[in-house]
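Below: a set of structures, written as C-alpha cells.
You will see subunit A twice below: alongside subunit B first, and alongside subunit C after that.
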Partner chain A sequence: MTVGEFAKQNPLNVLCMPEAEREITGCYIGDLLSWVMGNAREGDAWVTIMSNTNIVAVATLTNVSCIILAENVTLDEQALNTAKENGVNVLSSNLSAFNIALLLKDTVV
Partner chain B sequence: MNRYYYDLHIHSCLSPCADNDNTPYNIAGMAALLGINIVALTDHNSCLNLPAFFKAAKTYGIIPVAGMELTTAEEVHLVCLFEDLAKAMEFGREIDSYRVKIKNKTNIFGEQLILGEEDKLIGSEEFLLPNATTVTIEKAPEIVAKYGGICYPAHIDRQSNGILAMLGFMPEKPVFNCVEFNNPANADELIKKHNLQNKKIIISSDAHYLTDIKEKQNYIELDDEPYSSAKVRHQLFRYLKGEI
Partner chain C sequence: MKELSLNILDITENSLKAGSTLTHILLTETKNTLTIVIKDNGCGMSSEMCKNVINPFFTTRTTRKVGFGIPFFKLVAEQTGGSFKIESKSQKEFPKNHGTCVTAVFNKNHIDYTPLGDIVSTVITLIQGHPESDFYFKHTVGEGEVLLNTQELRQVLGDDINLNEFEILNWIKDFLKEQYENL
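Take a look at the complex of A and B:
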C-alpha cells in the first residue's frame, strides 16, 4: 500500500506528503535517532514521538517511506519545509505508537 | 582577579551541521573581534580541528581551550574540556573507538572538514560525527577525567539532545559541577524546577555560524597573577571543577 492510500484510509493527519506514491513495506518504531539510523529499513513507516528537526535527516538517510508522529506530536514549520524539500512524507496521529502499528499490521505483514 | 569573557562551546567546519566558514582561524578572529578572551572549540565527537585552532588562537591573541561535544549513548550532549591539547587529542582517539560508524552523506548532513595551519584543507572525516557513541552518560566523566578534563551537560534548555529533554530529569549520578545554558533567560525556571542551585551555570553560544558567536557578555573572574595564558586556563579548570 502506498503512503497516500494509507493516509486516506486511516485516521491520520497529513503534515506533508511530497511522495504519496511511496510503498510502505514495513514498520519501525523508535525514538533514539542513532538506533533508528542503524536499524530502520528502506520502505518502513517509521513511527516516533521524537519531534526535533533531525528526524527528517534520519528519514532521508534510512530512506523510510514516511514518518508517522504518534500521540499528537507535531513538527515545526522549518522542519516540515526541509521534509518537503527532501521528499520525506510526514503524517501524524493522536494514537499511540502501538495503535499506529496495529493500523499497519495488515498492510505490511 | 580579572574578568575573562568566555565562550566554551563553538563548532568548526568539522561538525557537519556547522557552516564551512566556521574555520578555526575565522572563529578565533571573530572571538577576538568580539572581545572574548577564552574560547573552547567543541566539535561533535572529534578533536581533529583543535591543533589548527590552537595555532589560530595564538595568531589572534585569545586563550584556546581544547574541547569536544560528546554524544552519549543516550543521545545526550556533553561538553568535554581539557587543559592540555595533547591529552585532548588522546581523548579524541579513545572516543573514536566508541563511535558508531555510519558513512556521512554530505548532501544531507554537510561536510566534515579537517583543517591545518592557516585553515589549509588537510582532509575530511568520512563517517558521520554527531551520532551517538557507545559511551554512556555514567561512564563519560570517568573517561574525561583520565585525560585531566571535565564534562558537563550541554544546552540543558534545549529540546534536541539536552539532558533534561532526553532523560526528563537531572540524574543524581554522575555528578556534574556545571550545566550549560544557551539562553540565560531560560535559566531561573529550570534551576528551580530541577534543583540545580549548587551547579555552576555556564552560558555558551553553541555557535554553528560565525554570526552565532555573541558579543562578549559572559565572564568568569579569575586570579591570573603572575599572568600567563596557561595560568588563566588552569584557573578556569579549577573553577569548572569546583576547586575555587
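Take a look at the complex of A and C:
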C-alpha cells in the first residue's frame, strides 16, 4: 500500500506528503535516533514521538517511506519545510505507536 | 547513541579532521549538571558555517547529504533541559588563535539524561587513532579530578615515542582508571 492510500484509509493527519506514491513495506518504532538509523529499513513506516529536524534527516538517510508521529506530537514549520524539500512524508495521529502499528498489520505483514 | 562518551568521540573527530594539534576535552560535574567542553585549535569555521552545523542537512561529508555529530549532541543536551553552544574562529580571519569550541550542559537529574558511559575508552580510542595529536583531558567532579595531558607525557617519554604503542596505551588506560577509582 502506498503512503497516500494508507493516509486516506486511516485516521491520520497529513502534515506533508511530497511522495504519496511511496510503498509502505514494513514498520519500525523507535525514538533513539542513532538506533533508528541503524535498524529502520528502507520502505518502513517509522513511528516515533521525537519531533525536530533530526528526524527528517534520519528519514532521508534510512529512506523510510514515511514518518508517523504518534500521540499528538507535532512538527514545527521549519522542519516540515525541510521534509518537503527532501521528499519525506510526515503523518501524525493521536494514537499510540502500538495502535498505529496495528493499523499497518494487514498492509505489511 | 546510548552513551555521551560516543558523542564526545564523534565531536572530537571533527576537531581532528579540522587539523587540531591540541584538543581539550573538559568535563565538569556539579551535583546536578555535567558540562562538556571540546575545544580545538583546528582551522575553525566561518560564522555562516558555524550557524549551519547544527542543521543535520549540512555536512562536510561527501558520501551522504546528512551529518549528525553536532545535531545529535545538541539534541541530547537540550532534551535534559540543558544547553548547547558552538563558537568558532576561522584560520582565515584569525591566523593566530583559530579553532572551535563546543559547550554542552546537561541536567544529570533529568529522566532523559544519557549516561556518560565509557569515557576512558573514548580517550584511548582518540589517542590510538591520532597519536600525532595532543589531548588535554580533564574530568572534574566536585573537588576531585582526573587529568591526562599528552603534551606532558611526551615531555617525560621523549618526542620520538609513539603514543599508539600498545604498552603506552595500556599505561594511559590504567593511569586514567586509577584516577577514576580515587575520585
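Keep this in mind: the second predicted complex is superposed on the first by the 109 of 109 C-alpha atoms of A that agree within 3 Å, B and C clash if a C-alpha of one lies under 4 Å from a C-alpha of the other, contacts with A are read in each partner's own complex, and residues count from 1 in each chain.
The criterion applied here is as follows: contacts are C-beta pairs under 8 Å (C-beta built on N, C-alpha and C of every residue); 3 or more make two chains touch, one makes a residue touch a chain.
The shown structure was predicted, so the numbers you read here are calculated from the model rather than taken from an experiment.
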{"item": "Touching partner for A:Ala57 - first (subunit B), second (subunit C), both, neither", "value": "both"}
{"item": "Which superposed partner A:Val108 touches (first subunit B, second subunit C, both, neither)", "value": "neither"}
{"item": "Which superposed partner A:Leu80 touches (first subunit B, second subunit C, both, neither)", "value": "neither"}
{"item": "Subunit B versus subunit C as contact partner of A:Gly38, first or second or both or neither", "value": "first"}
{"item": "Common interface residues of subunit A - those touching subunit B in one complex and subunit C in the other", "value": "32-35, 37, 52-54, 57, 60-61, 86"}
{"item": "Subunit A-facing residues of subunit C, complex", "value": "1-2, 55-57, 64-66, 68, 71-72, 75"}
{"item": "Residue ranges of subunit B touching subunit A (in the complex, touch as defined)", "value": "71, 74-75, 100, 102, 105, 108-109, 131-132, 159-160"}
{"item": "Subunit A to subunit B touching residues, read off their complex", "value": "32-35, 37-38, 51-54, 57, 60-61, 86"}
{"item": "Subunit C-touching residues of subunit A, taken from the complex the two chains share", "value": "32-35, 37, 52-54, 56-58, 60-61, 82, 86"}
